[in-house]
Amino acid sequence: MCRWLAYSGSPILLAELLYKPEHSLIDQSMHARLGVGTTNGDGFGVGWYTPGGNPEPTLFRGTGPAWGDENLRELAYSVRSGLFLAHIRASTGTPVQQTNCHPFRHGRWLWLHNGRIRDYPRLKRTLTMAVDPGLFPYIGGSTDSELMFYLALTFGLERDPVGAVERMVGWVEHAGRRAGVDNPVQMTVATSDGERLWAFRYSTEHNSRSLYCSTAVDTLRCMYPENPVLQRVADSTRIVVSEPLGGLVGAWQPVAESSYGLVTRDFDVVGPFRPAQHPDPAAPTPALADLTRL
Amino acid sequence: MCRWLAYSGSPILLAELLYKPEHSLIDQSMHARLGVGTTNGDGFGVGWYTPGGNPEPTLFRGTGPAWGDENLRELAYSVRSGLFLAHIRASTGTPVQQTNCHPFRHGRWLWLHNGRIRDYPRLKRTLTMAVDPGLFPYIGGSTDSELMFYLALTFGLERDPVGAVERMVGWVEHAGRRAGVDNPVQMTVATSDGERLWAFRYSTEHNSRSLYCSTAVDTLRCMYPENPVLQRVADSTRIVVSEPLGGLVGAWQPVAESSYGLVTRDFDVVGPFRPAQHPDPAAPTPALADLTRL
Amino acid sequence: MCRWLAYSGSPILLAELLYKPEHSLIDQSMHARLGVGTTNGDGFGVGWYTPGGNPEPTLFRGTGPAWGDENLRELAYSVRSGLFLAHIRASTGTPVQQTNCHPFRHGRWLWLHNGRIRDYPRLKRTLTMAVDPGLFPYIGGSTDSELMFYLALTFGLERDPVGAVERMVGWVEHAGRRAGVDNPVQMTVATSDGERLWAFRYSTEHNSRSLYCSTAVDTLRCMYPENPVLQRVADSTRIVVSEPLGGLVGAWQPVAESSYGLVTRDFDVVGPFRPAQHPDPAAPTPALADLTRL
Amino acid sequence: MCRWLAYSGSPILLAELLYKPEHSLIDQSMHARLGVGTTNGDGFGVGWYTPGGNPEPTLFRGTGPAWGDENLRELAYSVRSGLFLAHIRASTGTPVQQTNCHPFRHGRWLWLHNGRIRDYPRLKRTLTMAVDPGLFPYIGGSTDSELMFYLALTFGLERDPVGAVERMVGWVEHAGRRAGVDNPVQMTVATSDGERLWAFRYSTEHNSRSLYCSTAVDTLRCMYPENPVLQRVADSTRIVVSEPLGGLVGAWQPVAESSYGLVTRDFDVVGPFRPAQHPDPAAPTPALADLTRL
């Protein structure tokens, strides 16, 4: 059910994380250890921001297994970035097509997801209708993951990212309850605006997909003073992953249930993730308000 | 902007129409003469019914240009059918992916389309929400063509095909007027339930994509008594095409503007196509009724 | 390193073996148990003969993982055949492309392979040059598997199949010895002319990829008298597989090392497989004879 | 039968030539004007060198039509290079697959081709055997274009590019004469080592595929003093194209029959292209010498 990684820090070749590590993302496309299955061969994608370049990220997505994609390999060994998100997919039922590969992009934002909305076909129409009408035409594919992104945008992702994702999850859970779907939300999510990187780990059943964050660089330097790479990277460098890329002791910290993290060039912070409970029925979502005008 | 053909009659190899004629459908994928452009290389599809077999048709769709697809060639020279629909695509803006290739299938029904809904991104949400909620989860892709199919199903395609398509077109024109979109509908459509074949030619601007039907077999036998193929096929055999497959004089009749045709094993009929005008605002579509329950 | 199956017997839907069994070929594309790895997601193919139809088989091959291919599923539930070969691929180094998917076809013949020629890049040129010049232009891809097919054709596959494959393997082992490659040949192979089906299991190191054959139908009827399928199929029905499709006790017999099997509509036979040893250097292969004329 | 472009000069976005011009390479994939047909939808590729980076170029190739490839668009608007080669393909018979897309790469070298070797299946084996055995394993696909590259490498492309291509063409013409093939060679070719760019225009029949070169930048500055782009680019900037990218008067010069051009950062030169005539039969090609050791 997918694996992903997100990087924020000094510019590096994408291959440093996608291909080179012992348990790289490419290795995880065939031999994942902590996911639902070992194979994540239903497509892949990577979105990266270019320092000093276009504020909108560049996106590269393909439908074949990542392990065999020559173009991905070429790009990974050629592109440098200080902020990128990469994903390998195991479909939970929606078709394998480029518009269903993560990350998804809207303006400067990227979004990827591991998990699912349970009984998605039953909830899909309700959730689709709740997307802001101005955003609706931008939905490219048919996944629950992309719909969660557009709902988060509807709920204000661009102004208040953590709050928006909390409102989105709360709304999906509310829709699930109304439709009799238990434990609707299962997710780890990464999203970025090109300046900051957020990661979320949450599930309605409080048994979420795996998520890890790299240990702070200054701590790693103390632990591994001989490692030249650690000397070169910026102090604020962080890598967030579905599963550790290698076995270096102490290099990876599990991310707690129901929490979020924020990484910027200057600092990072973690905090609790609390989906908005009991949305006020008297305050319709922007989409519902629009429906009354039909 | 797409080319298609539909066949009803004695079982024949698909290749008899897809590959063998002088201006076969495959030839039209690179050298169309009566379409918007000459190239229809954004995917293809064929759906066929097996006599005495599964009432649901078999579907084969691909995203590459039809002219180069080896699997399509293999199948066409191997599969026989007495009722099949085939389509080659030139995208009008939506992504090239298998779920956006025609024909579309729902149960026993196949549907394909040449044309477009003008300003589709502006109307997409309104049209999507009008699809019956029970049908909504079956929408696979993101085209206007598929949405027209699901709207036709919503309006009763399975019970009253011509009426349903008239109601669907009328509804789209109504939505277009409300949104300030002129001449929203441009279409030739073929649809079948495995027993009967309907074809439609209509556009709001009364200047529709090209459509032809083969001359009645008994007439062709008189015109070409030496042609062995004509002796062998059933009297009721008809081929409906975006553009003629060859230059045999008198073999193809243009289909009139604003008309439909119905072909069965026993007879065929043509009639006027009149979109339902001014739908009663007091009688909401099934989908609107459902929205009130949210 | 690939899995395959071959069927000879009463016509059945391809899906009966490709999709329906508990450990079907599609299941093996993600969860193989007896292969080198669990994943066989580098393409697939199926070739089938149509009873009473074209003596040449129809071929359908794709480059994506078999588990996700909708067209394969559609075909498998639609096509019936009394003789077919199907394969799922795990590349041993050559590119993932349709011309590298098995089975390969030449005239009426189909060929598929699980295994490899060790150090293939070092031997490739020598082996390529030994293919009969008249056959050379038919080589479509770049795999060792296809080259073994064309060498077998060079050595007389169409006249003396078992002898030709013995000569081909002997020749490859000879070329390997000359180039210092140990244990060059690892193979299970299935090949057919549309009337008869051969299977081979051999490796230079005498530790070959797994191969099983279904127990004789009359024996299975005694063991499972209540099973209706066994009542319906012809007595001569046989299925040859890389690994059993299900757990029915006694239904599958391992194929011995260094052996071949031949299945026809009327009988089957097994025998020893003995690669031709020490080819006579005074009797050049047809290809070598041609080289002297350059 | 293919279109291509090659650029050498100040680093620019690939999109400046692939997408932005009035008759860009992407436009030529559907509406070529000077080629054999208008459609070049059988794949595409681009290879670019990164200033100060890896001496080996990065390669991106795809099998779908260039006009619809979203990844190509993303890359073109993201990658800057001062030396790149791009190609759109119309197959002359060999399969559509990534290993048959141009440009081809070997070490630091890139190579692309428009044209064909006439009757290629008849000559393929002879030409294949003439490739240096040490180079043979690097041949990825099945095109005449790639084989011409490996023959040029065999004849010393890395040391004496023009001479090597002259020897290669002379050898192919010699093989053609021996096999009774008239006018075997039809080509425009571009090749580069990352420092210098060569272009060739030649055909045995002296009626070669179209080829143009941009007018010298200092001349264009005089002709168009108001054009800001011309002020910014290096004096040595040159673009070589199958057909002009736009209609700017005087901006494009046809390349003469039987000629070559060399572009470097400092100068460029044109000269006659004279295939080596009558190769000395007593001096076997390296490949033939090797055959005697079999």
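Letters A, B, C and D mark the chains in the order given here, with residues in each chain numbered from 1 onward.
Operating definition for what follows: a contact is a pair of C-beta atoms (placed from the backbone, for glycine too) under 8 Å apart; a residue touches a chain by one contact, two chains touch by 3 or more.
Protein names from UniProt, one per chain: A, B, C, D = Class II glutamine amidotransferase.
Nothing here was measured: the structure is a model prediction, and the numbers come from that model.
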{"item": "Where chain B and chain C overlap in contact partners, by chain label", "value": "A, D"}
{"item": "Superposing rotation of chain C relative to chain D, computed on C-alpha atoms, to nearest 5°", "value": "180"}
{"item": "Centre-to-centre distance between chain B and chain A (centres being mean Cα positions), rounded to whole Å", "value": "40"}
{"item": "Interchain centroid distance [CA atoms averaged], chain B/chain D, Å", "value": "43"}
{"item": "In chain A, residues with contacts to at least two other chains", "value": "70, 95, 98"}
{"item": "Chain contact graph, described as a line, ring, star, complete graph or other shape", "value": "complete"}
{"item": "Residue numbers on chain D that touch chain C, as the complex places them", "value": "95, 97-99, 121-122, 124-126, 128-129, 133, 136-137, 139-142, 288, 291, 294"}
{"item": "Chain D - residues contacting chain A, complex", "value": "50, 53-54, 58-62, 70-71, 74-75, 77-78, 98"}
{"item": "Contacting residues of chain B [partner chain D, same complex]", "value": "30, 37-39, 41-42, 63-65, 68, 70, 91, 95-96"}
